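The structures come next, written out as structure tokens.
In the two complexes below, subunit A is the common chain; its partner is subunit B in one and subunit C in the other.
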Partner chain A sequence: MNKYLLKFPIFLFIIVLLVFFYLLIIERNPSEIPSALLNKKIKNFESESLLKGEKFFSSNYIGKEIILVNFFASWCKPCRDEHIFIKKFADKNLKVIGINYKDNPEKAIKWLKKLGNPYSDIAIDNKGKIAINWGVYGIPETFIIDSKGVVKYRHVGPVTKKIYRKMNLLLKEIK
Partner chain B sequence: MKKVFLILLSIILIQFNSDDSYSLEPDEILKNTKQEMRARNISKNIRCMVCQNQSIDESDAPLATDLRILIRDKIKNGKNDKEIYKFLSDRYGDFILLKPPLKLNTLALWFLPFVFLIIGFFISFFNNKKFNKILK
Partner chain C sequence: MTSSLGNFSLWLSLLFSISQFFFSRKKNQLNFIAISVNGLLITSLLSFLLLMYAHVISDFSLVNVFQNSHTTKPLIYKISGVWGNHEGSMLLWILVLTMFNYFIYKLYNKENSIFIFKTLETQSFITIGFILFTILTSNPFKKMLSIEENGLGFNPILQDPALAIHPPLLYLGYVGFSAAFSMSVATLSLSKNETIFWYNYMKPFVMAAWTFLSIGIALGSLWAYYELGWGGWWFWDPVENASFMPWLLGTALLHSLIVVEKKKSLQAWVLLLAILAFLLSVVGTFLVRSGILTSVHTFALDPSRGMYILIFTAILGIYSLVLFGSKSKKYFDNNYFSFFSKEGAILINNIFMVIVCATVFLGTIYPLLVESITSNKISVGEPYYNSTVIPIIMPAILIMGIGPILSWGKENKLEIIKKILPTTFVTLLMTILIFSFYELYSVIGVFGIFLAFWIISNNLFILYKKKINHQIGMIVAHLGVGLLILGITGSSIWQIEKITKMKINNEIKINNYNILFNQIKEIKGPNYLALEGNFLVYNNNKNLIATLKPQNRFYPITGNYTSEVSIDTNFLRDLYIVLGKGNKDIGWTVRAYYNPLVIWIWIGSFVIFLGGIISINRNLKNLPK
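Right after this comes the complex of A and B.
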């Protein structure tokens, strides 16, 4: 009995070690927090449109078709890095909605003129309230919303080649 | 030697006393002291999602400021603490709460330390020579 009991802590230690090792080698980013909104319907919101000079109603886009929602700002360097991929999504006839986070509207328009505009419409979020409602904690963040208005995917940080491929696969799956 | 000891002791005491360090801006503070106290208490329990190991009460991150203002707005609008916590965890998940709630998926987190403690207790108990002698 005693012999077995003595071996138990060693056994437990090995299990803990294996769990840690597994967590170390699997592909994951511990600082990335899964979205609490995943597989939930997103609430509609109103704002000003950056390009159209009129009110922005999210209900015009959310729940109508599959859309991509991208939080960005002209001051955000990673947003510039991912812009090429956001444009690729728009080129594939996917509706891309931008949310311009705490930005100077003039600078944002200039930025879009220089880099190209993949967005069908852009909502202004000058106080970051829309971002909080979407559980955003660091831009850029990109969401895939299905035709029922349900959040299917959220990516924190710039969309890279790898993420772009992953998102395309998911989009095919949803369609 | 005594001097060194006193310096070390004062450093330690300062560390223990640093509970009151916060990043609140003067214009954020509510005029109603009761409401302000509630806001401070909630802020201390909300994790800053940017820095992750600080509460929004201590953090200088812009998102922490936004959340502090949002909490104060909700208090002014008559929302109770539970509703405010729910609003935040609905959007950011339970991770935003510095004290994880007791739920089915957090049972291990809450009770495993006690389980390990009991196991450890039994192991040391059964390996105690005196105890074994009594058993014999």
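Right after this comes the complex of A and C.
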């Protein structure tokens, strides 16, 4: 029996182990769905502004500078968990636009008063139409859009510490 | 109270497993080993019962009970809820592990002491690994910081009798392979002049593992069939594959063990299979519990758990495979087999099983492989498996039909042809008969039905001839495989699916049946509210033959919606109805299936299980005294 043939199982086993190991340590979300919008220009849209009592024009923000777009709702528990990171982005002078998804406006305003408001402006999306156009899978969801209006990053689910760091690196790169 | 007692007994188990490890490395410490083995069994049983007690009395001071239970849950699901979650299922895993550990210890006698001690050493190493894993990353006895009136409830789709016993049976299978693994390691570690009938000891464990794994997988599949409401019973889900792969290797292992026993050939091959079967079981555990992929089975995501199991798998795998690479030479032989002999048929079958296993393995990890290299997401699904697994498994089944008829050593070819002539005739006849009944042809279908009757008729023929030298358990199990193939083929090629919107008094036609949706009403269950549809099924002669009542349930505690399928079963076909979303004005989405011969899948699986049980019994009697 060939000597090398006997070593073959261990060789194969180690390759499989390495793949598993690599997948465990990298930041990945197995339920992540790649966005079809990635590296594409986002279409402009109109809606009502939650806090300003006037119309919301996305063209006021998109394509002007680097912005963060965050889909959230007061009924969504993970949104509350990630709120601290969204605030951190705003503290860094990054413009953060909120999209209030299928929510009661009064409750949303109350929620923001309690937790703090990191958003420069908030579009109301009570029918979930904006979310559909953006291919939102489930909230919270966060997008980074560069100064040309191109989607650079999309994250499904709450922003965690690791994701926050990853997004900061990406933001530096875009700048 | 329960928390501290539980923790105490868990730590005691750890202590006993460590002491078993040390004393089995020393010579002549039988008394200490006995204390360790028994202590381990008692303490792990105690931890398991304590957690069960906490679930039964709804002790919400434990995080585990709070997260997975609720006072309104029926008692049987309070009990099965113990292993319906990650932490509790680890306790069950440990309990089964220590039970097998105990059985191995019971095999001890003066002649086999070196072999049994070495086996117990490896077994205790595995036990230490799993107990530490439970204590460090998944402690079921963790205390709640706050006081809660009631729990969060239990996922309603898991509240099901088949699913209540599915995990224990699967674990008996997976963990049973740990005994084969330990024995393989022990055999490889024996020094040159020591010999032992290791295969006689390994066989009942492999037989038991395989038997329970088979019925465990079948029950999971049965559950998926009537609970998920997708009309099918197997979805090539990564976690289904994780149980299917050890099963395939277990099948190969089981059969080649017979060759080792009779001809003393294939020893190295069997030792490798025993190692791989358990390693694949642990890799399966890793896939399910690390959150590396998503499926209906994945438990709460926790990377630290994944890392722990991965490191543990690495230690087990590298140690055993290096041992195999360096020590297996003495188990090689240069025996050549004749193709037309029992051992020849078994060897070829073995190769097919391993190839199928490799194919499934590739399909399961290929998306992960691609993602780690290119960070692209791809998915591998049914078309891949159907087009790779089926063609490979078909010749294996063809050989399986004649395997039991062949004799050991050389066989006269003319004799074989004489033997299979009547069964070939019966098989062809039955195939034609079946196809004239279902009237729909496909190449795969013809092969499938042919193979099913090929297996069934050959085994019935052996039974009829009453050949005592044939193992009755084997014949029964093979018969079960034939019935299983009949069910698989029938439901795969003749399934009819209809999805429509239906209002009250609408009718649909499926195959030869007219189904009338005649009313819908609200009902209240013990812990759910439901909308129940009433569907009247008429046959071609306009006779009412069945009333189907699918439900749409809402569980207020967990906030889940589930759909309860309604099925009318007979030996020829299932009628299967799922009530979807909708309302009075626009109607309800209704999915109806005509699934031929499905019941034979479950009957076949049960017959396989029965055959396995008979064989275990026989093998235990054959143990060297």
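Convention: the second predicted complex is superposed on the first by the 147 of 175 C-alpha atoms of A that agree within 3 Å, B and C clash if a C-alpha of one lies under 4 Å from a C-alpha of the other, contacts with A are read in each partner's own complex, and residues count from 1 in each chain.
To be clear about the criterion, a contact is a pair of C-beta atoms (placed from the backbone, for glycine too) under 8 Å apart; a residue touches a chain by one contact, two chains touch by 3 or more.
Note that the structure is a prediction, hence the values are computed from the model and not measured.
In the superposition on chain A, A:L37 makes contact with subunit B only, not with subunit C. Once the two complexes are laid over each other on the shared chain, residue contacts for A:N100 go to neither subunit B nor subunit C. Contact with neither subunit B nor subunit C is seen for A:S74 once the two complexes are overlaid on the shared chain. In the superposed model, A:S47 lies in contact with neither subunit B nor subunit C. Of the two partner chains placed by superposition, only subunit C is touched by A:F21; subunit B is not. Look at A:G128: by the touch rule set out above, it reaches subunit B but stays clear of subunit C.
In the superposition on chain A, A:N117 makes contact with neither subunit B nor subunit C.
Touch criterion not met for A:S58: it reaches neither subunit B nor subunit C. By the touch criterion defined above, A:Y137 reaches subunit B but does not reach subunit C.
On subunit A, the patch touched by subunit B and the patch touched by subunit C overlap at residues 1, 6, 9, 31, 33-34. The touching residues of subunit A, when paired with subunit C in their complex, are 1, 6-7, 9-10, 13-14, 16-17, 19-24, 26, 28, 30-34. Put simply, subunit A touches subunit B in their complex at residues 1-2, 5-6, 8-9, 12, 31, 33-37, 102, 127-129, 132-135, 137-138. By the touch rule above, subunit B contacts subunit A in their complex via residues 49-50, 52, 62-63, 66-67, 70, 89-95, 119-120, 122-123, 126-127, 132. Residues 268, 272, 275-276, 279, 283, 286, 290-294, 303, 306-307, 310, 313-314, 317-318, 321-322, 324-326, 328-329, 332, 365, 368-369, 371-372, 376-377 of subunit C are the ones that touch subunit A when the two sit in their complex.
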